[in-house]
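Scrolling down, you'll hit the structures one after another.
First subunit A sits with subunit B, and in the next complex the same chain sits with subunit C.
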Partner chain A sequence: MTLKKILKSDIKELLRQSAKEWEVYAPVTAEEGDTLFTRLPKEKGKLEKALQGINLKDEWVVISPKDAFFPQLEDMFHFDKEKIIDTPSPSKKLIFGVRPCDAKGILFSDEFFKKNYEDKYYLSRAKDKLMIAVGCLTPPRPEACFCTSAKTGPFLESGFDLQLVDAGGAYLVEIGSDKGSEFVNAHAKLFKNSEKDEEDKVKKIKSKAAEAVNLKVDFEKALEIMKGKNDFTENYERIGERCIYCGGCLYVCPTCTCFNVLDDKKGDKGVRRRNWDGCVFRGYTREASGHNPRDKKSLRTTRRYEHKLKYDYSATGMSGCIACGRCLTSCPVKIGMSKFIEEITTGKRTM
Partner chain B sequence: MDKKLTTCIYCGCGCGLYLVEDGGLVVGAYPSVKHPVSKGCLCVKGWNAYEFVNSMERLTHPLIKENGKFRKAAWDEAIKLIAKKFKAITKESGSNAVAFLSSAKTTNEENYLMMKLARAVFKTNNVDHCARLCHASTVVGLAATFGSGAMTNSINEFEEADCFLITGSDTTAQHPLIGSRIINSVLERSAKLLIADPRKIELSKYAAVHMQQKNGTDVAWVNGMMHVIIKEGLEDKAYIALRTEGFEALKELVREYTPEYVEKITTIPKEKLIEAARTYATTKKAMIVYSMGITQHTTGVDNVKSLANLAMLTGHVGFPSTGVNPLRGQNNVQGACDLGALANVYSGYQKVTDPTARKKFEAAWNVEGLPGEVGLTVTEIISALGNGKVRGLYIMGENPMISDPDQNHVRECLEKAEFLVVQDVFLTDTAAYADVVLPAASFAEKNGTFTNTERRCERIRKIIPPPGEAKADWKILCEVAKACGYKGMNYNDTSEIMEEIRKVTPIYGGMSYKRLDPHGLSWPCPSLEHPGTPYLHKDKFSKGKGSFLPRPFIEPKENPDDEFNFILSTGRIYWHWHTRTMTGRTSTLEREAPAPYVELHPEDAGKMGIRNGEKVKVTSRRGHVELAARVTGKVAVKSCFIPFHYREAAANVLTINAIDPIAKIPEYKVCAVKVEKI
Partner chain C sequence: MKNDYLPHKAKITSIQKESFDTNTYKVVFDDKKIKDTFDYKQGQFAEISVLGVGEAPISITSSPTRKGFLEFSIRNTGKVTRAIHDLKVNDPLFVRGPYGNSFPYDELKGKNLYFIAGGIGLPPLRSLINMVMDNRKEFGHVKILYGAKTPDEVCFKKELEEWKNIPNTEVWLTVDKPCDGWGCSVGVVTELWKETNVHPENAVAILCGPPIMIKFVIARLAESGFKDIDIVMTLERYMKCGIGKCGHCNIGEKFVCIDGPVFTYNQVKAFPTKEHAF
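Now for the complex of A and B:
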C-alpha cells in the first residue's frame, strides 16, 4: 500500500479545496460544544467559520455520518394533483474523518439499499462518494467501543478510499482505492511522500491503538451461538422490560436502515416523506387488523438482536453490528450490544 | 445544512438537542452529548421533536372570522382589530373585562411580555397559564413550607440518591430521562424505590414497596408515614430543632393517623406503610418525587404541604440527592411561573398585592396605576367568559378546549366570548372558537429561553424562519402593545428582553444570554458573578426556618356512589404530549398511540363482559365519551384511567371543575363515573 503524508496544518486547506468539487461532510465542533458531522457550506465566509471547528480528535459523535445518505427525515417527492416532482438529490459526497466502524456501517448500508430493490434516494447520494477515514488512537466512547472484538477498528484494513493515521504533527495517509489515489493526485501539493520508516510507524500506532480499546467481548462466539439453536428468552424478557422505548439505539445505529413513509398534504398539494423508524416500536409491526406478531416487548427485543447478529450475518456475511458502542452510550437505561454479547457468551448477567 | 443546540419542547427535563436543518426543512433532532441532562440520550418524543415543525397544516397567515368563517387577513388588520376590540371592551367594562392566557410552551421572554401586556398595557392581573392546572399547588405549598415553590434538587442528583419516594408521577412516561436515572439507580446501585400510586406504573416493577392508595387519600398516607416515624423515634431531632418550626403541632395532628386508621382510608396495608416510613426515614440520601397525582386535587396544596412536612421531619431537605422534587410537566412551566404569568405575582414571585413591588414595576415599565388585586385564574377566566364578566380573552399557545376540566362547560364559555384571540402554531380546537387567529413560530423558528424542572434556564435557538407569515410570539405581543399605544415594548431581539427581566427579577439577575451559553444556569442566580443554585435550602430555608404545616385528611369532592361507581383519573402517556397538537402530527408517536382508551381492571371488565379493545361508554355527571376498553391490571378494581390527549374522546368531558381553594387547581385525578358496555 502506498503511504502518503499530510501535515495537520494542511487539513483545512485540503477541505477548502475539496469543498469546491465535493459536498464535504466532516466532524465540526459546534459553538455549543458538541462535535457533529456537518456538510461544509460552499459560501466562503461560512466555510471558513466551519473549518475553524473541524475536529478530528477521538470524540464521541452522537450520529455516524450515515445521515449524509440516509437523513432522519427526507422529502421523497412532492405532488400537486396528478403531477409528481421527484426529489432525489444526487451529489458527489466526500465523507471526511469517518471512523472505521462508521465506515463499515456505511458499506453495510450500501449493500442493503441495493439488494432486492434499488433505493434511488439512498443510492443517488451514496454512489459517487469518497470516504476518508481516520483511525482512533483512543476509543471515542471509552466505556462502549469494542471494535477490536468485531475487527471493525480502530483502523480499517479495507473499504476506505483513504485512511488517516495520526502521527503527531501529520497524518500518514493510506491509499485504499483508485478513487483515493486520484484524490491524492488532485491535491498533490498537500500530500507529501512518506519517509522510509513511516510504514513501521503506522504499524506501531495501529497496534498501540488496538491496545487502547479496553472493552472486549467474544464477538465470533456470539455470531456462532446466534446462528445455532439457542434460547435467550430470559435475556430478551429482561432487556425488553428494562427498555424505555426511546428508539435511541436504532436511531444511532450506523447500520439501522428502517424508515417509515408518511404523507403530508394540504388540498391537492403534498409531499411524501420518510423518516427513521425501528423495530423496538410496537406500531412498527402492527398489522391493519390490529394483530401484532411482535406485540410483546421481549419479541421486539429478540428481533433487534437476532437481526443484528444472526439474520444480517447469514444473509450477507457481514454482521449488522459494527461494534461502535453507540447503542449503549445513547441508551438512557444502559442497555447495549456489547453487554448482550457478554451475556450470551459468558452466561453472566450484565443488565 | 445547519445544526444548532436547542432545548426540547416537551417535558420539564429540558434535554439539550441539536435540531438539524437542511434545505429549509427540519430534518432531525439529535441528543447533545455534552448537555448535563441529555448526555447523549433522549426519549422518543425528543428524538422525534423535529417532525411537526414541517407540517403543512401549520398556520401561516392571520385569520379573521367573518360570518362564522375564517378568512385570511393581513397582520396589520388583525393587530388593529385586536387593539380596537380590547380597548373598547376595557373602556366600557373596565380593565378586568379582558384576560390573558399565557403559555408554558412559549419562552421565558414571551411569558414576561404576556404579563407585561396584561398588566402594563391593560392594567389587569387577569393573566394566568396552565401551571394553574398542574403545579399551582406546588407553588403555594412549597412556598408556604420552604419559602420557594420549586423543585429543591437537580436532575443529576438522582444518580446519587439511595432512596426514592415517588408519588403521583408516572416518571418513565412523563419525565423519561429522570425515570431512566431512577431505573439505573435501582438496578445498578440498589437504591430503594418506594411508590405511592393508585396505578401500577412502569416503575412499580422496580419498587421495594408499592402503596396503591385509593385516589385522593394522599394526606392520609403521608400523615401515616409521619406517625410511624415519630412513634419509632426515626425523626431527625437535631434538624427539626435547628431548621424548622411548628413541630409540636405536626406531632399532635399525626397522632391519630395510625397505620390501621390509614389503611381504612387509603386501603394501603399497614405493613407496607410502616416499611415505607422506615426506609425513607433511615436512608440519608432520599428524594421525594411527585407530580400531578399529588397536585391535581381539591386538596392539592394540603398534599404538597404534607410531603414537605415529611421531608423536614426526616431532615431530607437542603442536601444533595434529597429534597422535595415536583417534576414540572411542560418544557417551560417553571419559567412561565418564574416570569409572572400568574394572576398573583410579577416575575420572580413578587406579589401584585405588595405596593413596593407595584411601584418597582411601574417605574420599570414607565406606567402608572398597576392593579393591586389578584386577578382571575385559568378556570375562573373561562367561567367568567360564560357569565360575561370577562368579555375579551387573548390565548397564547394553550388549548383549553381539550386541557381544561369539564369540556362542555368550557365550550359554552368559549362560545359566549365576545372577542377571542388565539395565537398558536396549529388551528387547535380552541382556535376554532376564535375571532382572530394569529400564526405563531415554533420553537425551531425563534430564540429565547426555557427553564426546566430543575430551575435551569437554558437557551433555545432559531434554526429556520417561521412558515409563511408566522411570527415569534414575542414579536406579536410587542406589535399588539404598540397598536394599543404603549411605547414600552420595543426589542430588537430576545436578549434585550432578558436584560429587562434581569433588572426586575432578582432570581434571574445573573442570567445574561452570554452566561446561559451553553447549558444554562439554575436560579436563584442573583448576580452576574453567581454560579447558580443546583439545590435549594442549603444551611437554611429560603424563608428562614422551614414551617411544618400539618393538614388533616379531607375527602375528594366527588367520590363514587351507587350510580357513578368508578373512580376516574386522567393523565398523560409516554407517546403523546397534552392536547396532541404536536405529537399527533409526529408519525412514530401517533402510530404508537393512535386512539383514545380507558384502562379497566380485568375483574371489572369480566363482570361487565367487556373484552379488551371493545368500545365502552364512560359517563360522569358532566358528560360522556365512547372509547376502547384497555383491560389491564395497571388500574385498581373499580378505578379507571383515561389519557387526556384525545379530542376524539376527551377525558375532560368527564372531569369535574372542582378546585383547590387556595391554588385553584382542578381535581383531574378524582371524579365519579360509570362504565357501560355499548
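Now for the complex of A and C:
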C-alpha cells in the first residue's frame, strides 16, 4: 500500500480546498462540548469558524456520519395538487475523519440499501462518496468500545479511500482505492511522500492501538451461537423488563436503517418525508386493526439482538453490530450489545 | 436512478359498496405507459397514497385475467383508509407497486381448493378466486368458507352469489352475530366444518383472516388431515415501504413485503420468532 504523509497543520487547508468540490462532513466539537459530524459550510466566514472546531482526537463522536446518507429526517418528494416533484440529486460527499467502526457501518448500509430494491435516496448520496478514515490510538469510549473483538477497528484493513494514522505531528496516509489516490493527486502539495521507515512505524502504531482496547468479548462465538439453535428467552425477558424503550440505542446505532414515512400538507402543497424509526418501539409493528405481533416487550428485545447478530449476518455475511459501543454509552439503564454478547458466550448475567 | 418510492397517479373510475365499512375502488392509471406495463400477479399488493395523508399497503383484489384497471377492496380502519373512504369517483389515488410474491397458480391446477377467510380477509383472496373462476375447468372442486362478525360485514355479496352458481363451486357463510332473516350458519368459520366436508385429498387450503381465526383454522385443517405444505396463507403486517427497506414487516430474516405476503404453513412454522399466534 502506498503511504503518504500530511502535516496536522495542513488539515484545515485540505478541508478548505475540499469544501470547494465536495460536500464535506467532519467531526466538529460544538460550543456545548459534543463532537458531531457536521457538514462544513461553503461560505468562507462560516467555514473558518467550523474549521476551528475540527476535532480528530480520539473523541466520542455522538452519532456516526450515517446521517450524511440516511438523514434522520428527509424529504422523499414534494407535491403540488396532483403533481409529484422528486427531490433533486445530491452533491458528492466527502466523509472526513470517520472512525473505522463507523466506516464499517456505512459499508454495511451501502449493501443493505442496494439489496433487492435500490433505495434511491440513500444510494444517490452514497455512490460517489469518499471516505477518509482516521484510526483510533485509544478507544474513544474506553468502557464501551470493543472493536478488536469484532475486527472492525481500531484501524481498517480495507473499505476506506484514505486512512489517517496519527504519528504525532503528521498523519501517515494509507491509500485504499483509486478514488483515494486521485484525491491525493488533486491535493499533491499537501500530501508528501513518506520516509522509508514509516511503514514500520504504521505497523507499530496499529498494534499499540489494538492493545489499548480493553473491553473484549468473544464476538465470533456469539455469531456462531446465534446462528445455531438456542433459547435466550430468559435473557430477552429480563432485558426486556429492564429496557425503558427510549430508542436511544437505535438512534446512535451506525447500522440501524428502519424508517417511518409521513406526509405533511399545507393547502395544495405538501411533502412526503421519512424519519428514523426503531424496532423497540411498541407502535413499530402495530397494525391499523390494532393487532400488534410484537406487543410483548421481550419480543421487541429479541428482535433487536437477533437482527443485529443473527439475521444480518446470515443474510449478508456481515454482522449488524460493528462494536462501536454507542448503545451501551447512550443507554440510561446500561443495556448494551457487548454485555449481551458476554451473557450468551459466558453464561454470566451482566444486566 | 429509478425512484421506487414515487407513486403514479390513477383515477377512481367506480366505487362499489361491499359492506358497511368496505368499498371496492376501481382505478385506472393516467399514464398509458404505466397502465400498460403494470403487470401484477394474484395475491400481490400495492402501496396506495392519498397525498398529504399517507400511504398504506393494500392487496390488489382484481384478477390479473381482467386487464386495464386495478381494484382495491378497502375497509375504513385507519388514517389512510379513512381518507380513501372520503374520495369520490374521478378523484385521484396514487399507486405504486405491485409488490410481494403471489399465490401459487399453476401448482393449484387440477386440485380441489378451499378458500377460507374471515372478515376483511376475503378481499386478498378475491384476485385468485376470480382467476380460478375465469379458468374454472382447470381446477377441481372449489369451496369458499367465509366467516364475518355480522351479516353487514360480509363483503362481495353479489359475487358470492355468482360464485355459488358456478358448477362445482360452493360458498359457505357464517356470522358471529346473525340478524333476522339470516339464512346461513352462526358461529366462527370453523363451525362450517359441521356443514360441509373439508377433505385433504388432492386439496389445498388458502387462508386469510385475523390471527386468531388463522390459528383455529390451521388446527382444524390439521385435524382434517391437511399437510402443512398444503395450507397457504397471506400475512398481514404493518408495511411502510413495500420494498424491504423500512423494516416494519420483518419476521426473522424475511420481509413480508418482498418474501411474502404469501407463505405456506410449513414456512410460517419455520419462522424463528414467537410473534405469531399460530
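We take it that the second predicted complex is superposed on the first by the 349 of 351 C-alpha atoms of A that agree within 3 Å, B and C clash if a C-alpha of one lies under 4 Å from a C-alpha of the other, contacts with A are read in each partner's own complex, and residues count from 1 in each chain.
Basically, contacts are C-beta pairs under 8 Å (C-beta built on N, C-alpha and C of every residue); 3 or more make two chains touch, one makes a residue touch a chain.
What you are looking at is a predicted structure, and each value in this text was computed from that prediction instead of being measured.
Undergrad: Quick check on the superposition: with subunit A as the shared anchor, is it clash or fit for subunit B versus subunit C?
TA: Because the two structures are overlaid on the shared chain, the partners are seen to fit without clashing.
Undergrad: Look at A:315 in the shared chain and tell me whether it touches subunit B only, subunit C only, both, or neither; answer first, second, both or neither.
TA: Only subunit C; A:315 stays clear of subunit B.
Undergrad: Determine, under the contact definition given at the top, whether A:270 touches first (subunit B), second (subunit C), both, or neither.
TA: Touch partners of A:270: subunit B and subunit C.
Undergrad: One more residue to check, A:294. First (subunit B), second (subunit C), both or neither?
TA: A:294: touches subunit C, not subunit B.
Undergrad: Put subunit A at the vertex: what angle do the Cα centres of subunit B and subunit C make there, to the nearest 10 degrees?
TA: So the C-alpha centres give an angle of 80 degrees.
Undergrad: Contacts for A:244 in the overlay, against subunit B (first) and subunit C (second): which applies, first, second, both or neither?
TA: The first partner, subunit B, only.
Undergrad: Touching A:76, do we find subunit B (first), subunit C (second), both, or neither?
TA: In the superposition, A:76 touches subunit C alone.
Undergrad: Between subunit B (first) and subunit C (second), which does A:62 come into contact with in this model arrangement: first, second, both, or neither?
TA: Only subunit B is touched by A:62; subunit C is not.
Undergrad: Using the touch definition from the top, say if A:123 reaches subunit B (first), subunit C (second), both or neither.
TA: second
Undergrad: For A:260 in the superposed arrangement: first (subunit B), second (subunit C), both or neither?
TA: In the superposition, A:260 contacts both subunit B and subunit C.
Undergrad: After overlaying the two complexes, what is the shortest C-alpha distance between subunit B and subunit C, in Å?
TA: Scanning every C-alpha pair, the shortest subunit B to subunit C distance is 10 Å.
Undergrad: Please write out, lowest number first, the residues of subunit A touched by both subunit B and subunit C across the two complexes.
TA: 260, 262, 264-265, 270, 277, 286
Undergrad: Over in the complex, which subunit C residues touch subunit A? Could you list them?
TA: 1-7, 9, 49, 51-56, 77-79, 81, 92, 94, 210-211, 236-238, 240-241, 243-248, 250, 252-253, 258, 272-276
Undergrad: Of all residues in subunit A, which touch subunit C in the complex?
TA: 76-77, 79, 82, 84, 86, 113, 115-121, 123-124, 257-265, 270, 272, 274, 277, 279, 284-289, 291, 293-294, 299, 302-303, 306-307, 310-311, 314-315
Undergrad: Spell out the residues on subunit B that touch subunit A in their complex, using ranges where they run on.
TA: 1, 3-5, 16, 18, 20, 22, 25-34, 40-44, 46-47, 50-51, 54-57, 172, 176-177, 179-181, 183-184, 187-188, 202, 205, 517-518, 574, 587-588, 591-592, 594, 613
Undergrad: Quick one: in the complex, what on subunit A touches subunit B?
TA: Residues in contact with subunit B: 30-34, 36, 38-39, 41, 60, 62-63, 67, 71-75, 241-242, 244-248, 251, 260, 262, 264-266, 269-271, 273, 275, 277, 281-283, 286, 290, 329-334, 351.
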